[in-house]
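First subunit A sits with subunit B, and in the next complex the same chain sits with subunit C.
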Partner chain A sequence: MLDTQKRHRNTILNFAAIGVLIVFLLIIDGIGSVKLEQAFALFAIWGIAAVSLNLINGTTGILSLGHHGFMLIGGYITALLILSSESRARIANSARSQMNEFTLGLSIKNWFEALGLNALATDDTLWLRFIVAIVIGGIISMIFGLIVGIPSLRLRGDYLAIVTFGFGEIIRLLASTRLFAPFTNGSLGFSGVPSEFGKSLWWTFGFLAITVFVMAKLKYSSYGRALQGIREDEIAAEAMGVNLAYHKVLAFAISAFFAGIAGGLWVSWLATARLDVFLFTLTFFFLVAVSVGGTGSVTGVLIGTALVVFVRQYGDPLEESYTLWQWLLAGGVLLLAAAVATLIYRNIRRLRPRLNASIYIVVGLGIIALLIGLFAASGGQLQSEYRAFGMRAIILSALLVIIMIFKPDGILGQAEFNWAWLFRERKDQPTDEERAQDAWLTGPELSKRLEAAETREASAETAGESSEAN
Partner chain B sequence: MAVSSIPEPKKRNWAPYLIIGAILMIVIGRIIFLGTVSDRFNAAFFTRAITESFKLGSLYALIALGYTMVYGIIRLINFAHGEVFMVGAFATFFLFSAAPYPWPVAVLVAIPIAFGVMRILDFWRGKMTDPIVLAGGGVVFFIAVWLLSATTVNFVLALIFSMLITGVLGIFIDRIAYSPLRGAPRNSMLITAIAVSFFLQNFGLLTLTRRQTPFRPDTVLNNSLVFNMFDGTVRTSWLIVVIPLISLVLVIALTLFVTRTRLGKAMRATAQDAEVAQMMGVNVGRVIATTFLLGSMLAAAGGAMWGLNFGSLNQPAILGILPGIKAFAAAVIGGIGSLPGAVIGGLIIGFAENFLTAIFPRTPEFAGITEFKDTFAFILLIVILLVRPSGIIGEDLSEKV
Partner chain C sequence: MAMLEIDDINKSFGGLQAITDLNLKVNEGEIVSVIGPNGAGKTTLFNLITGVYKPDVGDIRFEGNSITGLKPDQIVDRGIARTFQNLRLFTNLTVLENVLIPQHHKLKSTWFSAVFRTPGYLRREQQMREQALEKLSFFGPRLMSFRLYQPVYVLSYANRRRTEMARAMATGAKLLLLDEPSAGMNPKETAEITQIIKRMRDEGGYTILLVEHKMNLVSEISDRVVVLDYGQKIAEGDYQDVVNDPKVIEAYLGKKAEGDEAQNDQLTEGDGRTS
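So, the complex of A and B:
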């Protein structure tokens, strides 16, 4: 237990951090840079999805690869339910439309009007309809989460991962077929989804705050402990009385609910709902966020999401066209840097052999690339321009491999960000009593500490304070 | 003194026979029914469907062998195997259509080819620095440089070169990405494999091409083949013979390798128990490299014939995903870790995808199930994992405490 003083300090700091965040968002809102606002809104949306994926992947330790399917369900349902009448008319008039009377009439606006709530069906109350739509999307996504969770009762580990991947892909493939095309409008999708919610910092960060609050509360509840128990050792957890089936399916359902919400916001952010924005790539991005930030740590996942979103939104310079000699120079520098980094790493970790033979190959290739690049630059050769499409994804996947090799738990591991870190308090510091015991056990020359501790304890008691620490 | 136990009468399991019988009855019923619907559904139609399914199934079987071998040895679902297949397909395409190359490119391409040949000679000599291995690699290197820079390359040679290049890529992937994670949790290994798969997809976009690539080599292999079947004419190409034949040759070669050679025996020992095999003197590192080499070579052969079969290669970021995951489904259906299982699973997937859509075709009353065919593999995978996770002929997978 923390002592009262520290708890008060943490509460104050928490509120201060929230205040700083709000001021920060106000400033970003005030700057008026569209790109910056979009990046932050995207951070919040993907943050919701990544944090919800973290509940399955990190906390429960089940690798789930079907998150794009849940997002697709939430996104399409939200889009269908709040699509404006003009967009509906456009779809109905289009020759290639695959929707019918019934699906075109699926709209919360119509439902409100049918119920006689005309006041809620005006343009001013779109926000209310959006909330209703996104919650319905989340709930239907949750039902799918329950269905996907059922195989988790029989399967473990990598097999389950493949099955979740299969479910995600089935959802995506089915959405384009004749069976579901009336709901999804086939490969055309919907355009003209109201985008004032997904692009608004307040809406997206509001949903993110709710998600983070729920996930953080869940992590330290009895359910969260049970889920962590399942991650550490399924058999042991079952032996301790954890109902595996119930908890696993619960994790899938909650995660799918928030994934559906993220899908609704994502569709709103894009202003369109199309099948090609719900590819497996999306799940891969969240997987990078979860794995790099810290599997099981909500704050870590948010850090990872920030990284992914930064690379996605501000990685454009990587994919612009450069001349071939510039690419050669960059490649040479990269190879040499990798070699140096490896050398430093092996030296720090005292690994043997320090110099692997393959290092020579890497260094040699790097030097050759540098030399060719430099000669070509001075001689005016290799001037053809070249654009590196897919460089951002390459960087993210390389990052993921490196993280998996060197720090498989991610940057933060399973720990959450803690104010104590700022004050350099160590959690595992022994108490005075333990020190005294150590001293008594290790030898008489340390028994002075015992006396000192006793006197301190006595004085503390007289002062009427509790000397409990951690 | 041993206690003798009374042998229990073995109970016959009738479920497989029932399932096979039911499937056969449905198929025959559908064929008879379709015969009454239209003249279009004659014997030639179904012959064509069967041969096409067999062709597709043998391609899936080739890819599935790579999955099953890698899983058998290091218990890793090699998610990047589909991308290895993609690289094999594109390597064949570029070797076939872009040669002759300028000499620096030819040298760069010849390096992995020579290295692959050295790796294969190493099966026999057991040492990479053996003079025969080095000499073989050197000779192949110069021949490859000469061939690539002076002449065009015919399809079979392109196939072999592509297999060597892709095999070396497989070893390379294992060394860079997977080998640091030996003994790590399975989830970390799977995430790494996914990352490698994404890396290869986007690297393919970056270096190979960004468009769908037509690939219609004019070889003897895809000449058209027309023959009569009862009441109709089947118009198809020699590929329905060539692809299963090449696959059969490769599968037989692999089976002989695994059952008859020392290294194959070492592979089987490692698959049973890697630790004990290591204690018994098996060089596990060499076995793993061999596994990746052979699996990737088979995938490259599959990729080359995939291009030949469909006449075009999709763009690198999506070419490998669906065939890869379907082949994985095939490996699981057959029983992962088992070579005949992979072949059977591949054929099952091929038939499920092609023959099933043929016996439920588009008729005036019914719109057909063609657009659902990509989901069949996933549905089969999920069903088999739920009903019989060990696959049709597989070992028991339940976790031991």
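So, the complex of A and C:
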């Protein structure tokens, strides 16, 4: 296929994929399960944060641990600017409120009214105020990103990671100090943040689409190449004319902007803005998503985010109480599944022996667990109930360990999902003609063999034709 | 006026005097080789010119303007590019991307127009691609067609060296500093790279300053040879004059002591037997 044809095909497929996604979201919307909708909305929100973290961690190769700080800024600003008048009145009347007249008046609604735009200050146009608020949150977060980006010019690796982590924590702690309490309402935070945006599939996926679009286009532009050059070799990138200072700070700023957006949606999803929803664990989840999905790959990071979010949202059954024999059965099934998976893996990788001692041990243990669980279920001990708190985190960690063992670069590595990959079109593989040319370059004596093969083929073809003619 | 003028530069690392009072002029269109034993300060000289280090004393001028104290990327902007002795390619990126990155500093578009693929940006991207192909075609078909899309880590050592040279050319520099361009290459490839360096000067119009240990390459292409030893310039001039200079012979082979001749003969004989 010609290059232009391929481009047209890819455009058509892109639109088709967007269509499929919209239909999929419509179906989820139609099912009407609040839990399912919230899970998908959370996937989109965390996806925005993870994909933006990926710009610093994956594309530019700087380990940054301060993402929760950027999200906090975006989140609090969005919450403060769109808080309803009732919530403001409640805060103003509360004895423990730390806000004052001025900070309570920080509302886009008030500003619109002051400008005489009363039509934009009604309840129907909350969506417009939300967009304005979230963009302001993103921009202020971006300014903080610029500030955090500056130490990245002098520090590298682990040292820089510590500094960014410190920045994230400083932002969180500053928000609780007396200086900023009038803006953040101290440790109380705000409740009653309008939640129709963060919980809406269309809003969250809309912002996710924008983020993915910008990140993907950025990655495959000249700027993205420069950032990847910095990741590969900072000294070489500088020696090839890449301005390290500018590009590193640019990466931090763009990333912080989208983190701010994610923060705004996150407080809307939670319907509250409190300090304890912006802990370091948030950044940790994004880091897991980035490393599991593939550091540097936008599509990979989305896969990683899906894994993290759905284990988190649908992991409740894991933490309920079960009787011991049920645990034993589950353990036995898991052990057998692990044995089968290992067997398949060893077969694909052609590792010999196919069955090694450890597989026999695992299978044996699994069978023993199953037998005890099935036939000794009536035993007194086995009827007692046990509950595994934190099983979700254990499962997530186990998944992480397994992926890191078998795919150290993450599920997709640095590769990006694209249509050419789906159709197994590879530009880096030579055509037969090119292969012959290459063989001739490396050793002319090799090309004789190729020539001989060609002539043989040609003669076979002519023979075939002649037989057909007969 | 010479293209590159180095005036009395000094550089020391703690107590080690790496470069002492070095003067060097490179004229436009010249190929100048810097040779010297290990630790003579050749790579330090390159690092000083390209801004990795700052000279303690002295001035470096390029086309009449001082470039002392500028950052490496600013120096590339002025028109000096280098290759590295032990290859510093962007290993996980493709050959084409490796040759596109050095053209990024000439891009006038903002990141915003790059994201939204404005017509202006697309035009520049197209120009960058054409430039990259032009530079890569210096090395024949080796790095063209499907190899453009291969990540650098699958390339052979010689192809990586070629990619690095193409990358230096793609910066748009006028002066190229090649740090051992033929290191790790077999005699056939060395002969080829020698021709390519010649063509880079004749067809590409580049001025070339190179560090090299392979004397047949140096003798074949150098207009001028500069010999460094312990950070000082001990000889300069035509290849034949330089290699016959007693100081150079001393730097490479050591001083012949009185009555040492017999021992020396034995040594050479021994070498003959083992080889």
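Convention: the second predicted complex is superposed on the first by the 360 of 470 C-alpha atoms of A that agree within 3 Å, B and C clash if a C-alpha of one lies under 4 Å from a C-alpha of the other, contacts with A are read in each partner's own complex, and residues count from 1 in each chain.
One rule holds for everything that comes next: contacts are C-beta pairs under 8 Å (C-beta built on N, C-alpha and C of every residue); 3 or more make two chains touch, one makes a residue touch a chain.
The structure displayed is predicted, hence computed values, not measured ones.
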Overlaying on subunit A: subunit B and subunit C, fit or clash?
fit
May I ask you to decide whether A:I235 touches subunit B, subunit C, both, or neither, giving the answer as first, second, both or neither?
both
Partner chain in contact with A:I12 - subunit B first, subunit C second, else both or neither
neither
Can A:V214 be said to touch subunit B (first), subunit C (second), both, or neither?
second
Residues of subunit A touched by subunit B versus by subunit C: which partner has the larger set?
B
What is the contact status of A:R225 with respect to subunit B (first) and subunit C (second): first, second, both, or neither?
second
If we overlay the two complexes on their shared chain A, which of subunit B and subunit C does A:L351 touch? Say first, second, both or neither.
neither
Going by the contact rule set out at the top, does A:L244 touch subunit B (first), subunit C (second), both, or neither?
second
Of the partners subunit B and subunit C, which touch A:Q414 in the superposed model: first, second, both, neither?
second
On the combined arrangement from the superposition, state the nearest Cα-Cα distance between subunit B and subunit C in Å.
9
Contact residues common to both interfaces of subunit A (with subunit B and with subunit C)
235
Along subunit A, where are the residues that touch subunit C in the complex?
214, 217-218, 221-223, 225-226, 228-229, 232-233, 235-244, 250, 254, 414, 426-431, 434, 437, 441
Please output the residues of subunit B touching subunit A within their complex, sorted ascending.
76-77, 176-177, 180-181, 184-188, 190-192, 194-196, 198-199, 201-203, 205-206, 210, 317, 321, 325, 328-329, 332, 367, 371-372, 374-375, 378-379, 381-382, 385-386, 389, 397, 399, 401
For the subunit A and subunit B complex, residues of the former touching the latter:
57, 61, 63, 65, 151, 154-159, 161-163, 165-167, 169-170, 173-174, 176-178, 235, 280-281, 284, 287-288, 291, 388-391, 393-394, 396-398, 400-401, 404-405, 408
If we count contacts the way the header does, which residues on subunit C are in touch with subunit A in the complex?
50, 52, 71-73, 76-77, 81-82, 84, 88-94, 97, 100-107, 109, 111, 114-117, 121, 124-125, 128, 140-142, 145-151, 167-168, 171
